[in-house]
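The first chain written gets the first letter, and so on, giving A, B, C, D and E; residue counts start at 1 in each chain.
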Amino acid sequence: MQMGKVIGNVWATRKEEGLEGLKLLIVQPVNSAGKPIRTQLVAADRIGAGIGDDVLVTSGGSSRYIMKEKSLPIDAVIVGIIDSTEVERGGLNESSDWND
Amino acid sequence: MQMGKVIGNVWATRKEEGLEGLKLLIVQPVNSAGKPIRTQLVAADRIGAGIGDDVLVTSGGSSRYIMKEKSLPIDAVIVGIIDSTEVERGGLNESSDWND
Amino acid sequence: MQMGKVIGNVWATRKEEGLEGLKLLIVQPVNSAGKPIRTQLVAADRIGAGIGDDVLVTSGGSSRYIMKEKSLPIDAVIVGIIDSTEVERGGLNESSDWND
Amino acid sequence: MQMGKVIGNVWATRKEEGLEGLKLLIVQPVNSAGKPIRTQLVAADRIGAGIGDDVLVTSGGSSRYIMKEKSLPIDAVIVGIIDSTEVERGGLNESSDWND
Amino acid sequence: MQMGKVIGNVWATRKEEGLEGLKLLIVQPVNSAGKPIRTQLVAADRIGAGIGDDVLVTSGGSSRYIMKEKSLPIDAVIVGIIDSTEVERGGLNESSDWND
């Protein structure tokens, strides 16, 4: 999973059938320090996340498994709203790569 | 999912059987500001997207799930045509990474 | 899918059973301008592609779906030989990122 | 799989049903020299890994296969705690890419 | 698939059940010129690869398909040991990107 912050909404009227009724949120992935990493994605949401929330996102085929029928053509879903994180500082320095 | 803009078409006469009759569009992923991110991909389209449209693209194995039979050898499909987006500015600055 | 150019062949005598008899080609992904993007990959080919051909490559689990039995341990397959592309210039500038 | 170091914990009260009771750890991928590579991810853990452990992480749909029922909406799981590694130095220099 | 060079071994005593008895090798992906690309990964091996071998690696969910039962929680497997490659030089210049 990846951590991210919800930054927006997307609306699409014309869409594949499987997406009907799904809320779609724009998420900016962040690291444990809250720094943006990688690039934005759009995730389905069924647990009531909103703009500003820190969330956990599951990507790829596993995101279909939020539904029993597993037939949604989606590749990202918000699976949790983060309450808190605890990160060990020191020891391993976090990557200082530009894409961290 | 990722947001993108349709920038072109691809035609292939010789192809795997599963691709017969599928429209294939070249999509440039973009972020919520409309800025190109990552690299171009080719997505199947069944909902009538065309050049210039802002679209939502599902990637990976989930893209097969637009069809009941789920046997298409495709890894990207346009699942929605974006009407509008709403993005919270401020608070979290968007990544200024070159690849955002 | 991604566009690419076939640049070579790979031969492996010792291999997993599922790969027996599959032609394996080295592909350099390219964008719609023919510029190399990302890094080389090796794709299975059943449609007769050869060095110099512009091709469409499906990656990930969907690449197994070229076979009914779907049991091949492959993650990339050539699904089409590109005849032509049509790309809208202007409007959206293509990413000038180094990895585009 | 990728090698990584566990650097933290994540807690989420509101979440998709499939995640109930799963421990979630923040992992920083590292290469064989212990140098951070790529960006942080959050992995489920069932084998008792903790902060500071060097671990092996399986990503994508395969991470569901730690459970018989295979219905977890997760895309990363810790599958092993690394005891030791042996790396051949010389011959092939490791990539000096910034993202290695 | 991707080409790579086996550079090391990983041992883990505490691990998910599905990994019991699987040999795990550290692989540095390389391009057709033998130049390191991307970042190291750990792949399961059943065909007897060893340090210094040039190999083909299948990633993602397809890597489970080396086993009939398909229940391994792995996301990378060595599917072939490369005997030789033939690469067309000229025409298309290889990407000179740092990550090629």
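Note that in this section a residue touches a chain if its C-beta (ideal position, glycine included) is under 8 Å from a C-beta of that chain, and two chains touch if they have at least 3 such contacts.
Heads up on the chains, UniProt names are A, B, C, D, E = EutN/CcmL family microcompartment protein.
All values derive from a computational prediction rather than experimental measurement.
Counting steps between touching chains, the shortest path from chain A to chain E takes 2.
Annotation: the chain B:chain C pair of sequence copies touches via predominantly different residues, less than half of the used numbers being shared. Work out the mean CA point of chain A and of chain D, and you get 18 Å between them.
Look at where the CA atoms of chain C average out and do the same for chain D: the two points lie 29 Å apart. In chain D, the residues that reach two or more other chains under the touch definition are 37-38, 60-61, 63, 98-99. Because contacts link each chain to exactly two others and close back on themselves, their graph is best described as a ring. The ring of chains, read from chain A with the first step to chain B, runs A, B, C, E, D.
Chain D meets chain E in the complex at residues 1-3, 29, 31-32, 37-38, 46-48, 56, 58-63, 65-66, 77, 79-88, 91-95, 97-100. Those residues of chain E lying in contact with chain D across their complex are 5, 7-16, 18-19, 24, 26, 28, 30, 34, 36-44, 51-52, 60-61, 63-64, 71-76, 98-99.
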